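Chain IDs A, B, C and D follow the sequence of writing; residue 1 opens each chain.
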Amino acid sequence: MIFLKNDYSVGAHPAVLKAIVDSNLEYFDSYAEDETSEKVSCQVRELIGQPEADVHFIVGGTLTNKTCLAAFTKPYEAVITTTEGHIAVHETGAIEATGHRLLEVRTADGKIKPEQIEEIVAYHNMDQMVIPKVVYISDTTEPGSVYTKAELTALREVCDRYGLYLYIDGARLAMALGAESNDMTMADIAELADAFYVGGAKCGGMIGEMVVIVRDELKTNFRFMMRQNGALISKAWLVSMQFGVLLKDGLYEKLGRHCNELGKKLAEGILARGYELAYEPESNMIFPIFPKAQAEELMKKVMCQIWEERGENSVIRLVTSWASTEEEIDEFLSLI
Amino acid sequence: MIFLKNDYSVGAHPAVLKAIVDSNLEYFDSYAEDETSEKVSCQVRELIGQPEADVHFIVGGTLTNKTCLAAFTKPYEAVITTTEGHIAVHETGAIEATGHRLLEVRTADGKIKPEQIEEIVAYHNMDQMVIPKVVYISDTTEPGSVYTKAELTALREVCDRYGLYLYIDGARLAMALGAESNDMTMADIAELADAFYVGGAKCGGMIGEMVVIVRDELKTNFRFMMRQNGALISKAWLVSMQFGVLLKDGLYEKLGRHCNELGKKLAEGILARGYELAYEPESNMIFPIFPKAQAEELMKKVMCQIWEERGENSVIRLVTSWASTEEEIDEFLSLI
Amino acid sequence: MIFLKNDYSVGAHPAVLKAIVDSNLEYFDSYAEDETSEKVSCQVRELIGQPEADVHFIVGGTLTNKTCLAAFTKPYEAVITTTEGHIAVHETGAIEATGHRLLEVRTADGKIKPEQIEEIVAYHNMDQMVIPKVVYISDTTEPGSVYTKAELTALREVCDRYGLYLYIDGARLAMALGAESNDMTMADIAELADAFYVGGAKCGGMIGEMVVIVRDELKTNFRFMMRQNGALISKAWLVSMQFGVLLKDGLYEKLGRHCNELGKKLAEGILARGYELAYEPESNMIFPIFPKAQAEELMKKVMCQIWEERGENSVIRLVTSWASTEEEIDEFLSLI
Amino acid sequence: MIFLKNDYSVGAHPAVLKAIVDSNLEYFDSYAEDETSEKVSCQVRELIGQPEADVHFIVGGTLTNKTCLAAFTKPYEAVITTTEGHIAVHETGAIEATGHRLLEVRTADGKIKPEQIEEIVAYHNMDQMVIPKVVYISDTTEPGSVYTKAELTALREVCDRYGLYLYIDGARLAMALGAESNDMTMADIAELADAFYVGGAKCGGMIGEMVVIVRDELKTNFRFMMRQNGALISKAWLVSMQFGVLLKDGLYEKLGRHCNELGKKLAEGILARGYELAYEPESNMIFPIFPKAQAEELMKKVMCQIWEERGENSVIRLVTSWASTEEEIDEFLSLI
């Protein structure tokens, strides 16, 4: 079986694993009060050029999103997201479970436009309605697109205009930063967002994500929110240590680039064979459209996922990971 | 000023007021354990032909909706509603505040179609997603339409097919039951819904709504949910007593009919003068479309509400109440 | 039957009822945006000497407490209360249902002492623990005691020292202000508390309570919290109007005084007949201790409540209301 | 520095680490749908003699407790715990944050007695109060004591009598099962509890806990609750695999025994030197009482925690782990 189902079904990059193994029998202070966590936080602050940023480590994207969004909002404040945003469809109502309404906008490519935010803000103009407060975006987005600096800057401006926070779900930030179309550094991200998380589990880490809070007022008592949500683990050094490795010497972006290059190879091979793609290929998720019977046949030899049925056709989702190889891509292409 | 802004800006029907005044100095047991509340509950059970139904009294529509919907669902279960449903836009996220996601469907006339429910159920097919569990409808709907028995029966069937509960927000049930197009009794409603509420405040009552729970499994410990939500008031007899009066000898439907007849007069007069309506007039809410300048001019003499801006035009919402008079309608029509 | 079960089982004081009846067919703006609500708010601001205070009207004590306490706290902040506080035992977990932990202190007489607050604050000193943020007291307290100005001032000081809010549940504020031992005006209350509610339903009103928010930072978006909790009713004028009457010319305190005087007569009569009281009688709730058999016998002729069993004895709770009469007290005393 | 601060400040037992390293580059299905997770679940079911039990894997004790307790209760149902229970004091209100009230009982040794449960159930007898529904205990308890089979059986009986669930927080279950005073197997635990969790992070695992649900009605849709709480991680195989190792050939109990033996050595050495212990030593947590100055002096050379100040003395908490050595204990004892 060729594995192209997702980018979170394999362990850690060898360098990450080595760090965990090497420190296995050392004592660390718990709950992120250890020296490694402090050192990695400093490393991150320097990398992003935000000496005052708060850095936290959480295991799991849903847990990260819900802890952050609940921390950043009052009960009557709502979160703007795309209709296919992870928090909207794939977290079993986790955000609503913290008491907050989502305000969803429909997009063609997974990217929110400033006008859509303006429209929502304009509509919510009375106390019978929630107050939009946070704009949630993911980068890369769910269908694999990547925000440009101009796009993110435009979102920042509309957020500033209406007193909204901009929060970025970076579960696949490595792929965003490693995209051909990318024109941002993590420092740019940090300058434009109020808070964001840097994904580990899908980007070469074993487990865990890293939250960066740039905006001062969002930092207050965040550890209490983490505790209450079960998001502060005793062995936090195990997570921070991974980011220490991933963020050193550009490994993080490099792993993203690797995924994307294999994604591109996949996309070009599929297009060359006369098939269409449901979304513009920009990162490591490729959405080819095959006749249903062919898709079914393929899935006997390839681990992957049906994304959507479109009449006689199936859109399937192919995902490359930091561990994927050229050979796997060639083998896949030989099947179609 | 002619008052056509809403149907909840005036006190109680004289017969309701009389009951309150007459009993003012009597002692009643508190928290709905008094004889009047028990007697009215029996009266309701008989009226709707459901000898086992539970009957509760709550002050306020939002409080009623949130208490019921939170009681009927587990944390990961969601409520289906129209996009303009009261719980979706006009309750400041009250349902999400109880932890539950809303699943919204777009409609032309405020009425959910069975296919829309089927589509939502089909889409929510994995544990990353919430489970649709309750269908919330209002009757009359927000734009004033009225469900027919055939339509409600079709919803019932789809609910049965997928194990969903059907809950009706009857804030304006008097107007639904008193509509020309209506072909149902309150007993029909009770047979088709799992639970519903009978609006008082907009339908001749002074204050308060009445919840009827038909489905057995939804009755368990409902009073605990009421207590926790602050929905069980000490002087519950003040509310139950009103329903005793309203539901006697058809007063409730009669008051609804009165509103609707004035609504119809309004609609016909407006159409006769060459204006269009944004929604088909079926009950006591009429949505004429006027040029902006004219709408503005009108609103100097008529208390009413802008519903929506449509380019050069304004849709305004005119609402008649049980206390409205033919003279007020004539006066309004003389202004256009 | 003599009715001494509680002070919320009878309608409204005639003057309150008259205001409701007289205005029954007038049009009012809804959701507390009417002129009466505004006028009463001004009247209250003047009465308490707080020209910037916010005034809101809510039906029900539990709903009032939960809306206020949820509005005043962040998710990880907790509310200090006595173990017998209404929010701790008689609201079915309403405060916890909004996500907040209660921190309970045991008292002899229902009154929190400053040292108890200090102890709780000292104990909660790490992010594994909640942060104490609001001190909830009731006045009169659940066992009927009344705070003195010195006591309330001492609580204010400890709250200031630790950045806590002081919130007063005034379900029976009329009885507190009308107590012989009382040395405060409502203006004093307003100066010492950050927010408090003035009870209507137990104090001569038909229905409803009045929230006064003095502290600026607690005012922000409170109406959104009310909406979300179902605590903002359309016909809010019906509640505000009652407070307009009750707070004019000292009627409120006068009704409290009336209850208390009958309470005192009851207490003195009971003591004179050789029985003991479980709590010092200070207001309208009297807790005599009778042998079990006698208590049972009494309860065939007197509507009242067992408060607690103490070995061979029963403590019963007797409550006088604004509608109670000397004759009823005499009749009760003739039975023991 | 001698490290005796806790049992969660070191990595994984070498056998556990080896399993993780060896499988690092294999592909696994995500979200616990992989073969390893299934195999380990079978291994657990067999080990505990419960072929129908559900087994789940979660990272973090607070997250595990809150997911379970929220899943097992309706909004108005409460959880009984000791006052020093982890959920009561060290989870920043996590359980209340899910909407549930805790009912706390005071104990001498951390163990709940059946009579205390009965008393709470008897007291909560009206709909103004929450309904006690789950008994939460930890084993070992917070002060290090261990339940006997007779004690647990007695709790089971009282739970059965009142329809309560019994849930065990087994963060240190290895130490409980490996205690000298222990007379239970994990199968006994499974027979007596409705659900429990088996701690990994403190018991030789790298990270993660294992939930076992025995009672059928508690199994329904538990994965949805996990998703919503952010408790279902993509790389669940990393956790399940650890339990596969720990639960093979008694390694889990063996590691617990090791901790306890060092704990005993510590306790005996301290007592022999004339100091007292605040709690009876039964497992791996030892609570010696030292004069304040001595405690301070000690803490310059020993990483440990002040548990409580008692007048002139400090109670400190010493904790041994699976990685602690006899030499460390000797070294500690040489300091006093």
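Here is the rule we go by: a contact is a pair of C-beta atoms (placed from the backbone, for glycine too) under 8 Å apart; a residue touches a chain by one contact, two chains touch by 3 or more.
Nothing here was measured: the structure is a model prediction, and the numbers come from that model.
Counted by C-beta pairs in contact, the busier of B-C and A-B is B-C.
The equivalent interface to A-C, defined as the listed pair sharing over half of its contact pairs by residue number with it, is B-D out of A-D, C-D or B-D.
Our note on geometry: chain B versus chain D, Cα centroid distance of 50 Å, whole angstroms.
Inter-chain centre distance (chain B to chain C, centres taken as mean C-alpha positions): 33 Å.
Averaging Cα coordinates per chain places chain A and chain B 42 Å apart. Multi-chain contact residues of chain C (touching two or more other chains): 75-76, 91-93, 97, 99, 127-128, 130, 224, 227-228, 232. Across the complex, chain D meets chain A through its residues 3, 6, 8-12, 14, 17, 20-21, 23-30, 59-67, 91-94, 97, 201-202, 206-207, 224, 227-235, 238, 303, 323.
Contact residues on chain A toward chain B in their complex (touch as defined above): 75-76, 78, 89-93, 96-102, 127-130.
If you check the complex, the residues on chain A that touch chain C are 70-71, 74-76, 99, 127-128, 130-131, 221, 223-225, 227-228, 232.
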